[in-house]
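You will see chain A twice below: alongside chain B first, and alongside chain C after that.
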Partner chain A sequence: MSSEAPTAQHNELHTHRSANPFAWLTENTLQGMARRKALLGYLFLAPTMLGILIFTAGPVVFSFVLSLFRWNVFSPPEWVGAANYARMFADSRALTGFWNSFVFVFFAVALQVALGLLLAMILQARMPTWLRYTYRTSFLLPMLMSGAATAIVLGYMLHKEFGAVNYYLGRLGISPIPWLTEPGWAMVSIILSYLWLATGFTMILFIGGLTNISTEILDAADVDGAQGFTRFWHITLPLVSPTLLFAAVTGVIGGLQVFDLPYIMTRGGPGDSTRTAVMVMYESAFKNMEIGYGSTIAVVLFLIILAVTAGQFGLSKRWVFYQ
Partner chain B sequence: MNTQQSQGLSRRDFLRWSSATAAVLTLAACAPSAPAPQAGTGAGSSGAPAAETLKLRMQVDPEQEKPVVDMYRAINPNVEFEFVSVTGIDHEEVAAKILTMVASGQALDLGYAATEATQLYAGQKLAAPIDEWVKRDAAELQEYFADVHPSLIQAMMWEGSLYQLPIDFNAANIYYNTAVLQEAGVEAPGSEWTKDDFYNIAKAATKKNASGATETYGYAWTNRLWGGWMPWIFVNGSNLLVEEEAPGGEWLWSEFYADDPAAQGRGGGWRWTAPKANDAANVEALEFLVQLYQEGITPAIELGGGDTLQGFFTTGKLAMTPAGGFWAGGLNNAGMPNGSFDVQLMPKWKNQRHQFGTAGQWIFADGKNKDAAWEYMKFRISKDAMLANGMFNPVTLTTPTRRSMLTAERFAETGPANWQVFYATLDDHPDTAPIPAPPVSNPMTAIFVGYTSRAMNGELTPQAALDGMQKELEDLYARTPDMYAKPA
Partner chain C sequence: MQSTATNFGSPRRTAGAAVGDFLRYRLGRWIVLLVTAVFAVIVVAPFAWTVSTSMRLPMESFSVPPQWIVLNPDWSNYARVFERIPFFQQILNSFIVTIAVVIGQLFTASLAGYAFARLEFPGRNLLFWLIMATMMIPLQATIIPVFVIISRMGLANTLWGLIIPALPTAFGTFLMRQYFLGVPKDFEEAAIIDGANQLQVFGRVYLPLVTPALAVLAMLVFNGTWNDFFRPLIFINDPYLFTIPLGLNDLKGYMATGSISVVLAGVTMSLIPVVIVYIFGQRYLIEGIMMGGVKG
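Right, the complex of A and B next:
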């Protein structure tokens, strides 16, 4: 008899559930409450998950599929398998684009992080509050500018013949510099322009990181006689290393996708000297309407960013310290 | 008993169905939109229907087009317009945006394209041929064709069919700053001048400071397909691509140009069937341009549409540059008074064959209101409409294709004094032809501009640059073997 009661109760519940398909959710038990709580969580997550699925994951998968086809949008796609990949690895313009992206990232991100940290530390020094905020705002303002507008204005300022930069250099007796018309200088100009735009944000990140360092630790370092570079190297830098990691990862991801500055300032030239991987991708897909080939470049770039970011996180275990 | 099976909807099921629904939505988002039903006028109707209001979506400069649209709406109040302004640094960028719009299902009714994109749109079957409309309305169009040089019409044909009615054109002539030439003590060039004359004038006009840096340049040009160094390729008797005339087009020539000697022997448009970038004449032409740069006669080449060159020219830092009729209005707007500049034909080298580009509206093949679009296109090339068009009124911002609109009165205030050169380029040199712009003109232009840049900055010799250009163009042509129909 003792075993019959739960069976009857179970059958009753089963009958109830059969009548109401949402009974598992509405039943007034601890399990039911947990389910409702979980469902509420999923509902809150749903818009974001749906957005990621439709606008991020979907296009990534779609791009990979497209990379296996030859397609100009106006005609039916033609299956080519890995031919687009073989073409890309033999395409000197595409390879130059990737190389330029790496060169840009190497110098731009290194300088962006170093300058950002330096500016943050300078602004942490003792100075009137109004002056500190003035500097902070000034350094951050470029970030509010549109990249395209910045590129146009800087393009004029760096013009060899008419540019304001060469005008003032000329007043100092310096010959006009071919900022945008000589391959070596063109990349330097793009990097400097990027730094003008992006360093302010990195500085703000580091100000946050520096502010979070416990004063007790710094006081202890003072007591132990750690000053200047020693204190920076052994105390400050390890303690802002999480911020450093974040700045480096986001910098590399953003840097590998640089497009607007070289596209508007040099259009990838002179020659292909400032043509980045994203520019080659854009030109292939949207100017030449070789959507499959453009997707191939996108997929390879995606994999490179993925690998580099994973590598950064992997290596970070050796040098990032969390308080 | 398995209670799991008896549940109406488990959490796992919920997540599974959510994922499936999201995947379906993703696919739905990626799928092309359903073709829009044809609406509005039926084929063969002679105009916009009177009963129902329809809207034409049109790629135009709204300010320039408004006077024409106002005139049109005064007699066709049932037609509304939506202006879609598509801008870009150069023609290939505008074309890229149009292609992207079409790819995303945003077809317009009327586009506007220059030679650079005519075959691009026609070759992709995005543009509708206008042959049948032209034949139907031949009587109305006689006056237009009689006023327009046949070479401009031929440039708007592809594989025997006409796709556009050109409204403006620009051949690359040489503009010169009269004050700079006077200061250099050289006379203004005449129409029979040669490449050597050009070199001597450019060299004389170049002014350097004590440190050897150039302060005034003798010549400058923009690195682009039209008007870059292409004019030098043409006057040196060559082309970037092997050119031939497509068959067909007799219907047009016999109907509208039967008595015009300049139309004799013309075919159904141009075909550029293979690259010949490293032809000896092209190498020679590029070597000449590199020589000018190395001697400090020209500055580092510029990209884009030529705004910077205009700055050079108007401030007296530049003596000569290749440009078309569009420069006259631009220089005037920039403050250069009549008489401070003038224009001449390209100098003669092996010949004096010029290159030109021309432009006009085209009808989207997938447009909803093609008949109404044709009616507007036809109205737009009427003389009254062209006279009202902001492209030519109040300032001549580009060269009208109608010979009758190029008058002394038109250029009396702005200059140039030698305005007759614009149409003389076509009339006196009937072999003058459009810039090479096959259906693959976008990637072709990128290759052309890239290798030109590498030669000009000394990264490659002209020969090496053109060998590289040839190789890439051959690869491009190999990837698009069916660009043109097989010759008949």
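Right, the complex of A and C next:
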């Protein structure tokens, strides 16, 4: 008797929908299932959406707002309008930082893409499997090192008097190069270190791109007698151009953010010769506690990245070829 | 001579043509492979130098020529790393942060990726493109506000401050979505007919089928988080909460006038976990990078 009562009540809940506020969701129909899926969709999305809102999308807007204030964390923020921007365009150190970032990105990305493509093409050539594997692993290895460790190790190796690099160059009859102690060479050292660290990534991108080229096209090129540079310029290059675009875009975005190499290897010096925009931002916001001014540099850097990326995609219509 | 010429396929070829072919095809390839070998040695050299110098006597550590093969390894440098910085604690911190971020990103990204690939709800495409657009935003453009938020939450100078902001991932969401799209829709229908609910369809049917994708994401996130320097530098100022890259930078500072062998011993030890993970997951790391390039 007592066990029947709840069962009856349970049935009633299902037969009279108005009695159950969740019936629209639990009903055993196609609409009910679609509603359950939609709800689950929002639930599944909630952590990512919330997280991106709080830690990425929101902060971008917040950065822009902060750039209009003067704020040292301890006293309340003070509205200054565009004064931080005016200051930045008159601040030789900030302008030098942006200029250094451009110089770095220009050479680093051009060489990274060229070298990555070259290595990927060499690895595509005919050779024993063990040799291909050894080469590939060697070129990938630097990717495992942190930027901090790379800066420390290569910094020691590039030491003018005691470094291994100058020792071997000396054996070849080259007099010691002031790798880290002379402005021009310091930038060269940072670029070379970045190439050591980042080229493996680009190489894998191109291995992916080259593997994707249909063999029919290459066979056709063979039949037509396309060889050497002609074949590279007219066949291979157009076919990997989508990967080239991707490597260039991610390269510029990554390169403009470079921080740990110059921060540890040269501390931005000698003088300001290797001080990048991100370093100036870091020093303003977190060393001098000028949150507003630091945000200004961050906003300008972000706008530059957006503009360059948009430019790359805009120009890409002229040279990127999709199979 | 005659027979050499026939090796190239045409009996009418002369010895001169054979030499020409040799120069063009064989020799060219050998030179390329040789130059590549030299280049590979140069690329690997910093690793070899790091490991070998970390075992040199402290007084010899900065003397040239570099000693590539260590005959009498001196392990005292390794012990001194632990005396100079709380190295063990810092390794532990790196592990805590890295593992938490990897697991957290696998969780958020597989849920969101599944939602975008397999669940239908109003605004799905709009939300997807909004999330994809945030991939363009560099870390530097958000770091100052994120630091302010973290501080207000009382998480500045804690490991939580390194973990929580790193959990949502636009790239991971994209990656997981691509893999979920590759699983046929029939699997879902079959499971529903067998009486599974939507949660079971996700957890028992689809998730096990995309384990390679989870491995790919785990590898990329492990590498990125273990090696991160910028965020810990800003968020953490207590050496007992440092992660390894910060600890190494610290160690380098202490050793500015001392032995670089001690610093290199620290670098060598910091590489061990990454190398172990790499040995097991190299395939997934490569696949992950190619995914971005080919389908991105």
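Heads up, the rule we're going with is that the second predicted complex is superposed on the first by the 277 of 323 C-alpha atoms of A that agree within 3 Å, B and C clash if a C-alpha of one lies under 4 Å from a C-alpha of the other, contacts with A are read in each partner's own complex, and residues count from 1 in each chain.
FYI, contacts are C-beta pairs under 8 Å (C-beta built on N, C-alpha and C of every residue); 3 or more make two chains touch, one makes a residue touch a chain.
Since this is a predicted model, take the numbers as computed values, not measurements.
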item	value
Touching partner for A:269 - first (chain B), second (chain C), both, neither	first
Contacts of A:95 with chain B and chain C, given as first, second, both or neither	neither
First, second, both or neither for A:176, with chain B first and chain C second	first
Comparison of chain B and chain C by chain A residues contacted	C
Touching partner for A:162 - first (chain B), second (chain C), both, neither	both
First, second, both or neither for A:62, with chain B first and chain C second	both
Which of chain B and chain C A:213 touches, first, second, both or neither	neither
Contacts of A:301 with chain B and chain C, given as first, second, both or neither	second
First, second, both or neither for A:259, with chain B first and chain C second	second
Which superposed partner A:83 touches (first chain B, second chain C, both, neither)	neither
Shared chain A contacts, counted only where both chain B and chain C touch the same residue	38-39, 42, 49-50, 54, 57-59, 62, 159, 162, 286
Sites on chain A touched by chain B in the complex	10, 13-14, 17-18, 20-25, 35, 38-39, 42, 46, 49-50, 53-54, 57-59, 62, 72-74, 93, 159-162, 175-176, 178, 181-183, 266-272, 283, 286-290
Residues of chain B touching chain A in the complex	1, 3, 6-11, 14-15, 18, 22-23, 25-27, 29-30, 89, 92-93, 95-96, 99-100, 102-103, 124-126, 211, 213, 223, 299-301, 303-304, 308, 311-312, 317, 440, 442-443, 446, 449-451, 453-454, 456-457, 459-460
Complex interface listing, chain A residues touching chain C	33-34, 36-42, 44-45, 47-52, 54-60, 62-63, 66, 119, 122, 125-127, 131, 134-135, 137-150, 152-154, 156-157, 159, 162-164, 167, 196, 201, 204-209, 212, 243, 246-247, 250, 253, 256-257, 259-260, 263-264, 278, 281-282, 285-286, 291, 294-295, 298-299, 301-302, 305-306, 309
Chain C residues touching chain A - in the complex, by the definition given at the top	29, 32-33, 36-37, 40-41, 43-47, 49-50, 62-66, 107-109, 111-112, 114-116, 119-122, 124, 127, 130-131, 134, 136-149, 164-165, 167-170, 173, 192, 197-199, 202, 223, 226-230, 234, 244-246, 248-249, 252, 260, 263-264, 267, 270-271, 274-275, 278, 282, 286, 289-290, 292-294, 296
